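Next, two complexes with chain A in common: one pairs it with chain B, the other with chain C.
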Partner chain A sequence: MHTFWQRVNAIFFYALSVLGFLALLCAGTTYFHTAHPDVQLGLDRASLRKIMGAGHEQATLRLSIDADLSTVFNWNVKQLFVFITAEYVTKQNKLNQVVVWDHIVTGKEYARIHSSSIVNKYSLTDQGYGLRGNDITLVLHWNTIPITGLLTTTGFRQSVHTFTLEDQYS
Partner chain B sequence: MEMFTDMYYQLKEMRPRTLAHQVLNLCMIVCSALMIWKSLMVLTESESPVVVVLSGSMEPAFHRGDILFLHMGYSPFRAGDIVVFKVADRDIPIVHRVIKVHEKPSGVVDILTKGDNNSVDDRGLYAAGQSWINKEHIIGRARGYLPYIGMVTIIMNDYPLLKYCLVGLMGLFVLTSKE
Partner chain C sequence: MDFVGQLFCERTFQFFILLSGIIGWIMGYMRQDFKITCYFLACGSALSAVVCLPDWPWWNRHPLDWLPARNSLPPPKKRVKEGERKHGAADGTAGGAKAGAAGAAKKGGKPKKA
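Moving on to the complex of A and B:
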């Protein structure tokens, strides 16, 4: 009944189920962790120009970020993918959401982001001519990559920065 | 080797009725695996509920050999979502992050994606002349993550012989197992 291979098999699957249970426990207990993030977004300058390409209007932003996300980290967080979106409504679209900046935080010690005069990393381009004179909201989000478990994204809407783009091209 | 000769004699000496029972047992296992997979497809609304990461384009979040659990869901697509999508002329689905969303009043949504580890967006990966992907290109959204386990699949795909040996061995074990 109990040959060598049966024993190997039993040990292997027992180890696998223990590992699975521990992983589940590790991921499940994060439910009791609460984060107290602190975010301040600002805009130093914004300019608008007309382009010919996938869109027709492109804005260049100069941003400032002061965020402390160290409390978002817990025992099951591998990294945070932090990004800022510019959100606006146009006649053409009921929602436009464009990532203008992103940053990977790989540890609690790097979770305090304090930068000013960041130029947008990805172009803020509208599909049509919807940027001129429009209200833009900047929102900071983070996508939590666990060591194992659920992937979640949080948009920090308690502290956003809203501004109006100028009505002319520069 | 002794193990295999044992198995061989065991199979040889089996009465036809017992053999038929064991073969049915094997069929049951194959069928239930298929049923679980198909039910997962229904539950997750995704044609491929579990995918293995094959490239390093999402590093350091996902490495080659990590497993992602997908779920489609009804909530609208938003920037930051990690989606798995297929474009024309490419067989292998791509796992990348949504960086631009333009949602029309009709509900049609134009999406642009990018790999975290890539320096440019995915327009170069899309079909010629395609600037955006839409809901119909998307297989699912990554919701769960399990590291390393997918390496088994990658190794088995790289060495098909190993795959056949393992499957054959498991079949033999089931056929010769005693209740």
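Moving on to the complex of A and C:
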């Protein structure tokens, strides 16, 4: 503390310690935060085709989504990574989860996602021939990316959309 | 900055930074924006840097009481040099400097004459 640079060091690292402590407190307050998201998923159209020679089949989906995730936001949320998975059961696997669409919500003002015709970004491809005539459930998930603390994943299973793929290739 | 000043200085910046941090945290919680907390803390740090970093006069109000200097003779080396300088100056002429230098060389480490 008897030279200028020692005082610079002391002030800087004291402020940094206080910031770290306040960030920890901030993360603590959001531990009890409850969100009330409003999600409506739907299917507009689905078509199935067999990839010849590759040994698997692939579905193309046209989805509709109407989601309001603004209540998920609090002062410790930087952004949300929102994605839709298609989940189904086959003989091989008890659970297949395929991400078909994703989106980044960078602020509370963009948390209302409303679109009636989303074409799947990533193809819904099965390992084999398990899609034909199968029940597919669409689930909305999001990663909460915090300012401080743990990155959490939420799968919103209160409102899902289940449909049956047609029994023939188009 | 004296010793008491250092203590006061440290307490002062700790108080400013902690106070601004707490106020900023409460404001940030109320507005649900952690950026506000960061801004408050940055302002508190800047203020305490202005108050505490330079050696302001208010950190020097408790100077140390040094013991009085002992009235001792200067060390002998210094005394020899002084004598030489006096000798050179006493010659007064342009050649005197040379003579003085020669005299100094001749004398070497001998103590002062007379």
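Before moving on, here are some points about what is shown:
Everything below uses one rule, namely that the second predicted complex is superposed on the first by the 153 of 170 C-alpha atoms of A that agree within 3 Å, B and C clash if a C-alpha of one lies under 4 Å from a C-alpha of the other, contacts with A are read in each partner's own complex, and residues count from 1 in each chain.
Simple rule for what comes next: a contact is a pair of C-beta atoms (placed from the backbone, for glycine too) under 8 Å apart; a residue touches a chain by one contact, two chains touch by 3 or more.
Note that this is a predicted model, so its numbers are computed, not measured.
In the overlay built on the shared chain, the residue A:Leu22 is in contact with chain C alone; chain B does not reach it. After overlaying the two complexes on the shared chain, residue contacts for A:Asn74 are found with chain C alone; chain B is out of touch.
Comparing chain C and chain B on the residues of chain A they touch gives the larger count to B.
Residue contacts after overlaying the shared chain place A:Phe32 against neither chain B nor chain C. When the shared chain is aligned, chain B and chain C each come close enough to touch A:Ile147. Legend: residue contacts after superposition of the two complexes on their common chain; A:Lys94 is shown touching chain B, with no touch to chain C.
In the superposition on chain A, chain A positions 23, 147 are in contact with chain B in one complex as well as with chain C in the other.
Put simply, chain B touches chain A in their complex at residues 3, 60-62, 78-82, 97, 99-105, 110, 114, 116, 121, 123, 131, 142-147.
By the touch rule above, chain C contacts chain A in their complex via residues 1, 6, 9-10, 13-14, 17-18, 21, 24-25, 28-29, 31-34, 37-38, 41, 44-45, 48-49, 52-55. Interface residues of chain A, counted against chain B in their complex, comprise 3, 5, 23, 54, 78-79, 81, 83, 85, 92-99, 102, 104, 106, 122, 127, 141, 143, 145-151, 153.
Residues 1-2, 4, 7-8, 10-12, 14-15, 18-19, 21-23, 25-26, 29, 74-76, 147 of chain A touch chain C in their complex.
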